[in-house]
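Two complexes come next, and they have one chain in common, chain A, joined by chain B in the first and chain C in the second.
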Partner chain A sequence: MAAAKTRASSFSRNLSAAAPSQGPGLKCGPNGLVFLSSGIPDLDKILGGGFPLGSLVMVMEDAEAPHHMLLLRNFMAQGLVHNQPLLYASPARDPRGFLGTLPSPAASKDNKSYETDPDQSKNLQEKGLRIAWQYKKYFGENQLNFDGQKGSLSLDGKHEYSNEFDLRKPLDRHFLNRQHVDCVSIQDSPDLSVLRDRCSTFSSQFPRNDGSVSCAGRIAIQSFCAPQCAYSNMEWDMLSFIRSLKSMVRSSNSVAIITFPPSLLSPSFCKRWQHMADTLLSVKAIPDEDKDLAQLLTGYQEMVGFLNVHKVARINTQVPVILEATTFSIKLQKRRYLVLECLNQAPVDGSSGTSYGTSGSCSGSSKAGNLDF
Partner chain B sequence: MAESICRLLRDGALEGEHAPALTIKDSIASPFGFHVFAHVLSQLSSFILAGKSQSRGLVVVCFSRSPSFYLELLKNKGIDVVSSDKRIQTLDCYSDPLGWKSRLTETGNFMACSHETSISRTTNVFKDVKHMDKLYNSIVELGKGLVGGGKIRFSVAIDSVDEMLRHASMSSVSGLLSKLRSHDQVSSIFWLLHSDLHEAKVTAVLEYLSSMVAGLEPLHQPANGQRGDMENFSLIEHNLKKGKFHVRFKRRNGRVRVMVQFSLQLSEKERIDKANVVLPFEHQGNGKPIQIYDGRRSLADSKHERPVGATETVQTSEDSGRGEIIYYRDSDDEMPDSDEDPDDDLDI
Partner chain C sequence: MNQRSSNLLDEALGLDQTIEPWPLRGRAVVIEDRVETSGSFVLHHLLKRSLSPNSSNVSIFIAFAQPFSHYDRILRKLGCNLVLQRDNSRFFFFDMLMLQCPGGHEGITPEGGLIALYGKIHKTILALPEVSRKNVSIIIDDLSLMEVAVNGSSDYVLDFLHYCRTLTSEFDCSLITLNHEDIYSSADRPTFLLQMEYLADILIKAEPLATGLATDVHGQLTVLSKSMNYGQESSRNNTSNFHFKVKENIVECFYPGSRG
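Now for the complex of A and B:
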C-alpha cells in the first residue's frame, strides 16, 4: 500500500544533544562546542565564550615578564573551583609549590563594580544594554557572545561559569587536597615520554562520546621549552609532543594550555608551534616609567602588560573569527582582579572638531583627551 | 646606573622569590664586560663585609682567571681579603678544571709544584667542570660553609659562563643557574658573558634566566665589518674607550625598566684614555706612525698583564712620555704641507 507516508527525512533531530545538562563550569556553544572558562571573564568574552573542549591553547611568553603566570593561575584556579581535574607540568623542581599561589574566587558582588567606569557599566548591566545599545561596540562585546551579555556572569545556579579571581587571596586548601590535582616536573626528564604518558592517562579519563559532558579536564604546561629542561634542544621531539597532545585533547573532553618563550626557539620552530595552536595568545611586557607610552595610553599606570590574541579556536566550522581588536592591556584592578581592556586606535585627526574617544571609550576610562585609547 | 644594579644585588631576594640574577654581556666591539664584572664584584664584597647586604657571604666561581687574581683585585680596591676569608670564598675552576694535573700526578710523570699543592684558606679547587650537578653541589657547599645553614644567604659570582659552556651543555648550565636562583639560601647571583662567542640562542637563554641584563654596546657602529679603512679604525678605537651601557631590569611589578648610559663609569680611566686618543687626521703630520696604536695597547696591556683593579695606577705610570695631543696647527713648528699651496712655488 502506497500510503502517503509523511516524508520523514533520514535525518532525525538528536534532541538529546541540543540541550545537554552540562556539568558545572561548562557552557554550550555554537557548532556543538562546549566551552570551559579561562578564569578571566574578559578573556572569555573576547574568545566568544571561553576555551572549547578539545582545543589546544598556546601562550607565547615574554622573557621579560611573568604575565603568562597570571593566565595560568586563573586557568588552574577556575578548574579547581569547578572541580575539574587538573594536570600541571612545569620545569620547577616542585611544581606543587605553584599551587599555593593560585588565587581564590572573589565574592560575586565584586563582579559588577568596575571602579574605573562606575556610571556607564552599571547602567548598562542593569538595563541589559537595551537602552544604551549604541555603546555596545565600545565595550568590545562581539556578536559571538550569543548567550547575551549576562551569559558569562551567570548568577543562576550555585556555580558561576566564570569567576573573578582575587589574586591577593590564595585558594582554599581544600580545593587543592582533592585527588584530582596532578603535578609533573619536566626538568629532569631526558625526553618527553614521561610527560606524554601522563597526559595520555589524564586525558583518557574524559573520553569524548556523543553523550553529554559530565566532566572536563584541564592540562596546563608551563614554559614548555625552558632551557633547564634536558629535552629543550630536541626541537622535533617537542613539536611531535605538541602534535600528540593536540590529538589526545581532541578526542577527549579536555583543554590543554601550553606556555612557551618564543625567543628560545629557532624561528622556524616558533612558527610551527604557533601553527599547532587552536587558540594562540601572547603576552608582552611594557616598559616602566615610559613617558611616551604614558601619554599615548590612558590608564598606563595600572597596566602591567599587553595581551595579544592571534588566533581563536574554530572547531567544527569554516568561518574564521575576526576580532574587532586583538591587543588588550592587562590591568590589575585594585591590584587584585585581572581585567583586559582593549586599546582603541587614536582618532586620525586630533585637531579638528569631533574626536571619537571622548565618551564610552573602550578602555572604560573616564578621562577624555585628544589621544584617547 | 651601576649603583642601581649593585643595590638590587645587595638587597637580594624576597621570601619565596627567585634570587635576582644579573647577566653582564659584552662583545669585541665593546669589550668592557670584565671591568663591569670587577666593579660589581668589589661593590658587592664591600657591602657584604660591611654587613649592609642581605647576603652574608660570597662565593666566586673562577673560570677564566685564577682566584689569586680576584683576591688581588679586591685588595687593590681596598677590601681586606685576609680577614674576609670568612666571608669570601673562591671556587677554583681555573687551575685544573678537568682534573688533568691530579691524574698526571698519579701516574707519577708529573711533579706538582709546591705552590699548587698548597691549598690556601680562601680557595677550593674544583676538578670536574663537565658535571654541572657536581659544580652546583660544590658551590652550595662552599656557600653553606660560609654562612651556615638555616636562613642566612650567600651570593654567587661566576666570572665566565663562556667557559662553563665549553665544557657542558646549554641545558645543564641553565639548570645550574636556575637551581642556584631558586635555592633558599642564595641571595643574588651574577655572571659575565661574551655574547659573540656564542650563537644568539645562548644569549637569549641567559637573558631569559636573569632578572637584569647589563649589555655593553659600542657607541658608534662601524659602517661595515672591514677594519682596514682608516675611518672605521678610529671608530673602533673610540669604541674601545667609550661605550654604551644598556641595562634592562625585570621589575617585580612585571614591567621592564630600561636604562642607557652613554659612557662607562670608568671616569679615571676615561680621562687618561682621552689623553691617549690620537685624532685620525693628526697622525698624518706626526711622523710617528706607531701612535695610532697607543690607546689600544695601553688598554690591552692593562687588561692582560696586570689586575684590573690596579688600572688607575698602572695607567698613570704608562702614560708618561706617550700619547699627548699635539696641535700642530697653532704651533710654531709648522709642517711644510699644512697650510701652503705647493703650487705657489711654481714660476710660470
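Now for the complex of A and C:
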C-alpha cells in the first residue's frame, strides 16, 4: 500500500512541477530538475535547457586564449539580470573590476530598428525591464501569459529565461549595485578555507526543500588552479575543495561553474577534475589565419573558437545525454552576440571524401531541437 | 524473474539463474569506467537486483558521489523503492558526501574517518538477523572520491577495502565498488588500480566505443569473471563483451552488431 502511494506521487510530480511558480530565470526540466540559463541561448538549447540547479559545471580553458571568460561573463550577467545572487572568485587582485566588463542584455532581434538610436533603445529597454520586474511581483512569473500582451513587455517576456547579450555594451550599473554580488580574490589566500567558507555561507542562502524554488544562486570561480594562487600545488586540497563545493551545491539551489587550465594539472588529476564535473565543457581558440580550416568550414571569418561538450549533467537519472554534435563553433555575430553553431563543412571537392558532418541543417540534439540563427 | 529482465549483464554475472542464494555472495565486484562513459548504471542495476523482492538480500550503500535523492529517483524508475527498503531494513544508506578526514601529517590519522565508517558497517551487519546476515552487499560509489576524502592517502582506502574484504569471508558479504580507470592510466605504477583489480573476483569495465558515442549504443561492457574454485572450467577466466544502452527503466545489453 505504501509503495503504491509513493509510486503514485512520484508519477504525479512532473505534472505538478510544471505548475508551481518558479523564480525569475528558472525553468522546470525532466527528472525534477530546475534549470537556470547559462546566458547563452544556444548553449541552453544544446544542454537541454541550461544548467540544472545543484550541478557543478567545469570549463577547461584554452591556455592561450580567454574564451572561458566569454562563458563566465554571460553566465554572470544572466544571473544579475535575473536578480540572482552571485559569488565570483578570481585570481585577479581586484575581482570586482571584472564586473565592469559584463555584457548587457540586447534588444531582441525583432527590435533591431531600435539599435539605430542607442539612447532610445536603452531607455525603452530599461523602462520595459523595470515594468516587467514590477509585474513579476504580482504574476508568478508566468511570462507566457503576458508575453505579447504589450509591445514593450513582450520584448522582455521573450528574454525572460535566457537573454542575448550584447558584448559591446557594458551591463548597467544598477544591476551591480542592487545585487548581493560577492567577490573574492583567491590570489592571496594561502589555503582554500576562506573560499570554502564563503561558498558555504553563500550556498546556505538557498536551502533545498521540495517546494517551489524561488531564488537560485550562482557561483563562478575563474582559473581555479592558476599558478598565482598559493595553493595551486596542493592538488589534493583543491580536489577536496571541489568535492565539498559539489556537495554544497547539490544540497542547495545554486549552480557552480569552475574554469581551469587543464595543462597546469598533472594528467591524472586533470581526469579526476573531469570526473567531478556534472557538466564538462572545454573551449579552444582557433588560430587567426589557418588556411586549411578556413577552407573546410563555412563562416570561418566570424568564428572565434570552438566549444566542446564533453559531459552533460546527469542528475536524478542514469541515462546519458548523447548529443548529435559535441563540437560547436563560437561565433560573434555582428561582433556583438555570442552564438554557438554546429560545424558546417564548406562544400569541397569530392577528393577529400569526408561526407559526414556536411548536413546542411544545424540541428542540436533531439532534445535541444534546432538551433536558430 | 520474468524473461525480459534477464540480460547479458545478468548472465555474465551469473544473476540470471538464481537470485537466492545471492550469486555474488563472498565475491568482490570492481566496476571501472571513464569520463566519457559512466559505469554507475551497473551499480544501480546490481543494487536493484540485490533488493529484488524474491530475495532477502541486504545492501549497504556508501555514497561519496551523490545524495540519497539521486539514487532514490533512479531506482524508483528501475522499479525499486529505496525508501521502503530502508524502512524494511534491507537498505542502509551512508551519506559520505561531506566526509573529510583531516590531513595525515598532524597527529590525527586520516584513517579515523574510515575506521569509524568500517565500524559502522560492521555494527550494521552484526545488528542484522542471522538469516539476512549471510546476504549482504556493500556498495561503494565511488573509490576515487574516497581517496579525495582522505586527502590522497590511497593506502588508507586500500586498508579499508581489505577490511571490507575480510567481511566478505567472515559473513560472505559481497563488495561492489566503482572506480574510474582513466585517472590512473597516466601513472607509471597505477598501484591502486592494480590492487583493486587483484582484489576483484569480477571486473566490469565500461568503455566508450572507439567510434564515439551514438544514441543507440552508449558504450561497451567487458565482464571478467575470475574462476571460482569449483566446477570444471575453473582454470579459465570467463570474459564476455557486449554493448549496452542505458534507459531509465532498464539497461539493454546486446552483442555488437546484433541490433539493426
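Quick note on the criterion: the second predicted complex is superposed on the first by the 275 of 373 C-alpha atoms of A that agree within 3 Å, B and C clash if a C-alpha of one lies under 4 Å from a C-alpha of the other, contacts with A are read in each partner's own complex, and residues count from 1 in each chain.
As a working rule, a residue touches a chain if its C-beta (ideal position, glycine included) is under 8 Å from a C-beta of that chain, and two chains touch if they have at least 3 such contacts.
Everything numeric in this text was worked out from a predicted model, so none of it was measured.
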| item | value |
| --- | --- |
| First, second, both or neither for A:P227, with chain B first and chain C second | first |
| First, second, both or neither for A:T317, with chain B first and chain C second | second |
| Partner, of chain C and chain B, that touches more residues belonging to chain A | C |
| Which superposed partner A:H275 touches (first chain B, second chain C, both, neither) | second |
| Partner chain in contact with A:S247 - chain B first, chain C second, else both or neither | second |
| Contacts of A:T327 with chain B and chain C, given as first, second, both or neither | neither |
| Touching partner for A:L239 - first (chain B), second (chain C), both, neither | second |
| First (chain B), second (chain C), both or neither touched by A:S104 | neither |
| Chain A residues contacted in one complex by chain B, in the other by chain C | 266 |
| Residue ranges of chain C touching chain A (in the complex, touch as defined) | 35-38, 40-41, 44, 66-67, 69-70, 73-74, 76-77, 81, 83-84, 97-98, 100, 144-145, 148-149, 151-152, 180, 182-187, 213-215, 218, 246-248 |
| Chain A-facing residues of chain B, complex | 169-171, 174-175, 177-179, 182, 201, 204-205, 207-209, 248-251, 253-258 |
| Chain A to chain C touching residues, read off their complex | 2-3, 6-7, 10, 31-32, 235-237, 239-240, 243-244, 247, 250-251, 266-268, 271-272, 274-275, 280, 310-311, 314-320, 322, 366 |
| Chain B partner contacts - residues on chain A that touch it in the complex | 63-67, 91-93, 187, 226-230, 232-233, 261, 263-264, 266, 285-289, 304-305 |
